[in-house]
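What follows are several structures.
Next come two complexes, and both contain chain A; in the first it sits with chain B, in the second with chain C.
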Partner chain A sequence: MTATPTSSRPKVAAPLLEVEDLSLSFRSGSGEARVLHDVSFSVGSGEIVGLVGESGSGKTVTSLALAGLLDPRTAVTSGNATLNGEPLLGRGSANRSDLPLAMIFQEPMTALDPVFTIGSQLMETLTHRQGKSRKEAKREALVLLEQVGISDPRARLASYPHQLSGGMRQRVMIAIALACAPRLLIADEPTTAVDVTIQAQLLELIKRLSVERDMSVLFITHDLGVVAETCDRMITMYAGRIVEQGEVEQVLSKPRHPYTAGLLAALPSPETRGRTLAAIPGRVPPPTQVVTGCVFAERCDHRADECGEPQDLAGSTHQVRCVRSAELTLIGAQRLEVGR
Partner chain B sequence: MRVLRVVGTSLLTAVPTLILATFIVFFMQRLIPGDPAVALAGEYATPERLAEIRADLGLDQPMLVQYWDWIRNAFTGNLGASFLSGQPVTEQILSRLPLTLLLTLFALIVAVVIGLPTGVWAAQNAESRLDRFLTTSATLGLAMPNFWLGMMLIIVFSMGLGLFPGPGGPSLQDDPAEALRGLVLPAMALGLVGGAEICRQVRSAMIENLGADYVRTHRAKALPESRIVWLHALKNSSLPFATIIGLQVSRLIGSAVVVEAVFGLPGLGSLVVDATNQRDYAVIQGVVLVAAVVVLFTNTLVDISYRLLDPRIS
Partner chain C sequence: MSALQKGPDEAAGGERRAPLLELRQVSVRYPVGGRRRLTAVDAVDLRVHEGETLGIIGESGSGKSTIARAVLGLAPVSSGKLLWQGEDVSGFDRAQRREFVQAVQMVFQDPHSALDPRRTIAQSVREPLDVMRRGVRGSRQEVAMQALADVGLTAEIAGRYPHQLSGGQKQRANIARALVTRPRLLICDESVAALDVALQAEILNLLQDLKVNYQLTIMFISHDLSVVAHLADRMNVVYLGQVVEDATTTSMVDQPRHPYSEALLSAQPHVNLHEETNRIVLTGDIPSPLDPPPGCRFHTRCQHAIDRCATTTPELTEALPDHWAACLRTEELYGLTGRAKELI
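What follows is the complex of A and B.
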C-alpha cells in the first residue's frame, strides 16, 4: 500500500446519502429469501465510505438497490434511502436521470457496450443526463477523458471498447460515470479485475476526483488494503447485516467485531510469509436460514451463551453488533497504513 | 475506406462459391433420370432422330465441354435456348424473375415486421404470459407448412372475406397494382413461417443481451429503457438477426416454388417446375443459376453487414 498518511479531511455534518432500515428480499418460486436486514448508514458529502464483506455479505445488493438496478419483479425492498433529500427507492428506472448518482462496476471488460464507440457512449450520457447539445457533449467528453487520465482523448473517442486495455476501460467507465454529474459515486469493486499497479492508479484517480468534485464515494470491496488506502469510514457487512462501522483508522487498528478482526487476520502480510494464512472457518449462512441471535456466532471463536440473543448495533461513532465486544480484545491491523 | 475494404473482401470470397454452385447446378441435374431427347421427340422416335436431337442440343459432347460452353455463354448473359420452345432462357427468366423477387421481398418484410417486435417483446417480458403466448405461437408458426397456410389464407381472405384476389390474377406487366395486391396473401403464406423463426432467434439473442453487463451500465446511467432495448441491445443482437435474414432469403426462394404453384403465380418457381417435368435442362440450369446468384448475393450482404455491425469482426 502506498503510504501517504494525511490527516482526515473535515466531514460535512449533513449526510448526502442516508439509508434507513433498508431490507431486501428476493422472491422466487420456492419462497422469499431475505438478503438485507435493516441496513442503516449514511455517507457525508465528499466522504469515501468503504462497504466491506465477503461474497454473500450483501454489499453488492445494497449498492444495486440504491442504484435502482434490481429487477422489481423479483426484488422486494423496504425502508428508506435518500440522496440529497430525494428518495432513492421505489422509483422506476425512467425517472432516475435527474439523480446525482452514478455507478461503476467490477468488470471493465464487459461493462462497456461492445458495438458503440467510447465517444458515442460518453456523449449519449452527457446529452441524456445533462441535456447537452451534440457539440457541447463532444467538447465535454474530451475534457472528461482527459480528467480520468486517458492520453490522446480525441483518438479514443472513435475507439471501441475492445481496442482498450482493462485499466483504460475502467477509466472510461469512470468518465461515463462523471458524465452523470454525480454527487455520489457507487464503486462496486472497481479495481478487483485489474492488476495491482493499475489498481493503485485507479484508487488515486477516484480519491483525486472525490476531492476535486466534492463527490462522495460508496466503495464496495472485499479488500481491506484498498479500504485503508482509500476510505474515510468503513462499514463491515455480514449476512445482510451491518456488524461494525466507524472511522477506518479506528476500525482497522481496534476492530470490535470478531468478523472484522477475522478479515484482518486473513490479510497476507510480510509477517505471515511462508505460513498458512488465518481463515475464518465455515461460510456465510444462506439467506433462507433464519437466525435470531448473532448471525456470526456459528463461525466465531468467542461464542458464548449470550450470543443467542438478538443483537443491536451499538455505539456512537464506532458502532458494533456484538454483545461481547466490551470484554473482547481483538487484534487489529499490524501494518496497514491509512492513506486518507 | 473501411466500408470499401469490407465490401471488396466479401465479394472476393463469394467468387469460389459461385463457381462451385455452377458446377453443382450443371452436374446434379444430369443425374435426374430421363432423356431430354426422348422428352422432345416422344417415346416412339427412331434412334437416328434421337441422335440428331442430341447433336442439335450439344448433348453428344463430353460433359466438361458442355459445361464450359454453358458457363462461357452464361457470363455474357446468354443462358442458351429452351430445349422445348427454343425461346432464349435469359428472356424467360427475366420475364418471371421480378415477380419472384418481389414475392421474396414482401415475404421478408412480413417476416421481419412480425418477427422482430414480437421477439423483442418476448425477451423484454421473458417468462411472462405474453412471452409464453408469443413463443407458443412461434412454434406453431414454424410447424405450419406454407402451402397449407397459403390454402387457408385463400379460403379465409380471398374466398371468404374477399379482401384479396385469389389465384390467377393479372401479371405484373398487365396490371401492376392488382398484381401487387395478389402478392399479399402469398407473401403472408411465405413470411409467417420466417417471422416465427426470426421471433425465436431475436428473443434468445435479446434475452442474452438484456442480461449483459453493458446493459446494466446503461441502466446505471439512467438511459431511457426504450433506448437501451431498441438501440443498444438490438444492435448487439444484430449478428444473429442478420444470419437468420440470410437463411430466410434462401429458404424463401426455395419455398416460393411451392407457394407460386398454390397461388398460380407465373414466377421462377412455376417455370422451374414445368422445366423439370419436361427435362428442359437449359431452363433448369438457368433458373437454378439465377437463384444461386441471388442467394450468394444475399449471403455477401449478410457478410458485409457482420463486419459493419460488429467492430470486433475485421
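What follows is the complex of A and C.
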C-alpha cells in the first residue's frame, strides 16, 4: 500500500513514531486496572493517523502515555515507543522538552492559562523550547499566529484566552504546539467542542500544516466522519486493545471487525431517517474485568464458540483482531472509488 | 415570489389545524449593562404541528437553546406571542398554565448535571409529579417506575444515585423524568451531544419509539446536522437569532436554498462519499449577537454576498413549494434546481 486514493503525498518507509506492545496499568487501592493491552502501531512521516473508539476504549490514555503526561507513581507502562528513533517511555520530564512532539486538547479554554495573554504563552514556549530571545520569539509568534489563520496577529498577542472564540483558541493552541517544532502532533478530540463550520476550518488547517511541515498527526476522535475526511490510516481501539487498523478507505468501505462495522452502522444521517439505527448493545467492559477471549464478544452479533479463545491482531496492511473476520461480510460505508 | 412574504404555513394550502405550538415574532432580549441589549432571539416565527418532529439547527450562539427556554418560560419573551393550540399562553389562567407546563417538557444536554446528585433516580423522576401534587404518593411512584421501565431502566436502577449510572442510563432517566407528566411536546436540547456514537444511536432509537408510544411531538435542537436529519420531519436553520431557512428535511438536505444552510450541510463530515464534493468552508466565526451585522446577518461570512445584502434585511420567502428561505439572492443563486456553486 503505497498510495491511497485519499492521499497524494508520498509515504516514507521508516515510520516516525513506532509503538510496540505498549501496556499500561493504573495502580489503585483496590489493585491494578489494566487499561492498555499490547498496543502496537506506527505513524509514518507526514501521515495522519486516526485513533477511534468509544469513551473508555483507551485512545486518550494511549496518547497521554506517549506524551509522558501520566503520573509515574500510579501508571505502570511496559513496551516500547520511539519517536524518530528516540525512546518516549520512561523519560523524566526534564529531558522531554527536546522531543519534537506536541499535543493539543479537546477544550482549548482549559488548556490555555486564563491569566496570561496569548502572546506570553506563545512566547514562553518559543523561548523555553527553542532558546529564542524575547525579540525573536515575538517575531516568530506573529508568524505562527499568521500560519494558523488568525487575523490581526499583532493585536491578538495582547488578548487573553477569554477574549477569543472557541475556534480561535484552538488555533492559538495549534500555534503553541507548532512553537515546539513538532514532527508529531497528537490531537486529542481537537474539534469536538466546536461547531461544524469551525471544525471544517480546523480540519483544513491541520491537514495543510501536516503537508507544509511534513508533520505527522495522531488524531484522536470518536467521529468517523472526521476520520474519513482527515486521516490516511485509522486504528480502532476497544477496551484498551487495537481491534482493527488499516488505510481509511479500506477500513471504512470494508470493515473487518464487527466493532468498526457497528460504529459505522450507528451513525445517523439523512438516509437513515425513519429507520432504527443499529445500536451496539451493552457497554465497554471495565478495565478491572479480565477477559481471555475476544473482548468485544459479549456485545457482538457474530459471536461464536471460537471467540472464547485469545485473539491476535492478524493481517499485513489491514489488520484485524477477530477470528471470524474471514467468514463475515460486514457492511461498510458507501465510498466511491474515485478520490477527492 | 417576493409578494409571498407570509409565514410558511399560510401558503401551504389545505386546512391544517392550529399548530400545537406556535411562536409569532418572538424576541428574547437581555439587558447587558448600559443601555445595550442583547437580542438572542429576533422576531422568530416557528410552528410545531402535532405528531411532528421539528429540528432546529444552528451554531452555538445562534439562539437555538434560547428559543427552547423561551417556550418553557425559562427565558423572558420580550415581544411576540407564544400560542399553544392557537391560544396565547400569556393569557392563560392558573389551570391552563398548569396544564401547559405539564404538556411541555424538556430533556437537557448534559445528563449528569440535569440530575440532583443527592436524590435517587426514582426520586428525581417522580419530582415533577410531586411538585404538581398529582394524585397520591403511591400512584406517583407507580407512574415514575412505569416511565423508567418505558425508557429501558430496571427497578434496580431506580434506587441508585446518578453517579452510579453510565451516561446513557442517566440520559434515559432524564427522558423518563420528562415523560411522567405525560407531555404532548418534548423539547430535546442537544440531548445526545454528550454521548458516544453507540449510545447516541440507542437514545435516538428510544426517542423514536417513545414518540409513537407516548404520542409525542418533538422539538429537537442540535448543532449536529446528521442527527437532526435522521430524526426530524422538518428543519429550521437558525443564524444569529433568526430563522434563515424552513423546510421539510428532505427538501432541506437535497436542495438547500440559503447559503448558510448549504455551508452547514457541506461542512458536515461524512463517512459516505456520494460525489465529488466541493466543500464550502465558511471563514470566521459567528458575529457577536451584541452587535449583529446590518442587512442580512449572514452577509459577513457569505461567499455570495453583494452590496445589497449589507443594507436590506431579507424576509422568509417561499423558494420552493413549502420551502422557505431568507436570502435576497436565493432565486438568482439557486434558480429552481441546482446549487449555488454552479453559478460561481
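Quick notes
As a convention for this text, the second predicted complex is superposed on the first by the 324 of 340 C-alpha atoms of A that agree within 3 Å, B and C clash if a C-alpha of one lies under 4 Å from a C-alpha of the other, contacts with A are read in each partner's own complex, and residues count from 1 in each chain.
To be clear about the criterion, a contact is a pair of C-beta atoms (placed from the backbone, for glycine too) under 8 Å apart; a residue touches a chain by one contact, two chains touch by 3 or more.
This structure is a prediction, so every number in the text was calculated from the model and none was measured.
On the superposed chain A, the positions of chain B and chain C stay apart, so the two partners fit side by side.
Once the two complexes are overlaid on the shared chain, A:Leu313 sits clear of chain B and of chain C alike. In the superposition on chain A, contact of A:Val291 is made with neither chain B nor chain C.
Within the superposed three-chain model, A:Ala102 lies in touch with chain B and out of touch with chain C [touch as defined at top]. Rounded to the nearest 10, the angle at the Cα centre of chain A between chain B and chain C in the chain-A superposition is 80°. In the superposed model, A:Leu252 lies in contact with chain C only, and not with chain B.
When the two complexes are overlaid, the chain among chain B and chain C that reaches more residues of chain A is C. Overlay on chain A (Cα): least separation between chain B and chain C is 14 Å.
In the three-chain superposition model, chain A touches chain B and chain C at no common residue. Remark: chain A residues 54-55, 165-168, 195-201, 203-204, 222-230, 252, 262-264, 266-273, 276-281, 283, 333-336, 338, 340 touch chain C in the complex.
Taken together, the chain B residues at the contact with chain A in this complex read 212-214, 216-225, 232, 235-236, 238, 309-312. The residues of chain A lying in touch with chain B in their complex are 67-69, 93-94, 96-97, 99, 102-103, 105, 107, 110-116, 124-125, 128-129, 160, 162, 173, 176, 179-180. Those residues of chain C lying in contact with chain A across their complex are 59-60, 166-168, 196-202, 204-205, 208, 223-227, 229-232, 249-250, 253, 263-264, 266-277, 279, 281-283, 285-286.
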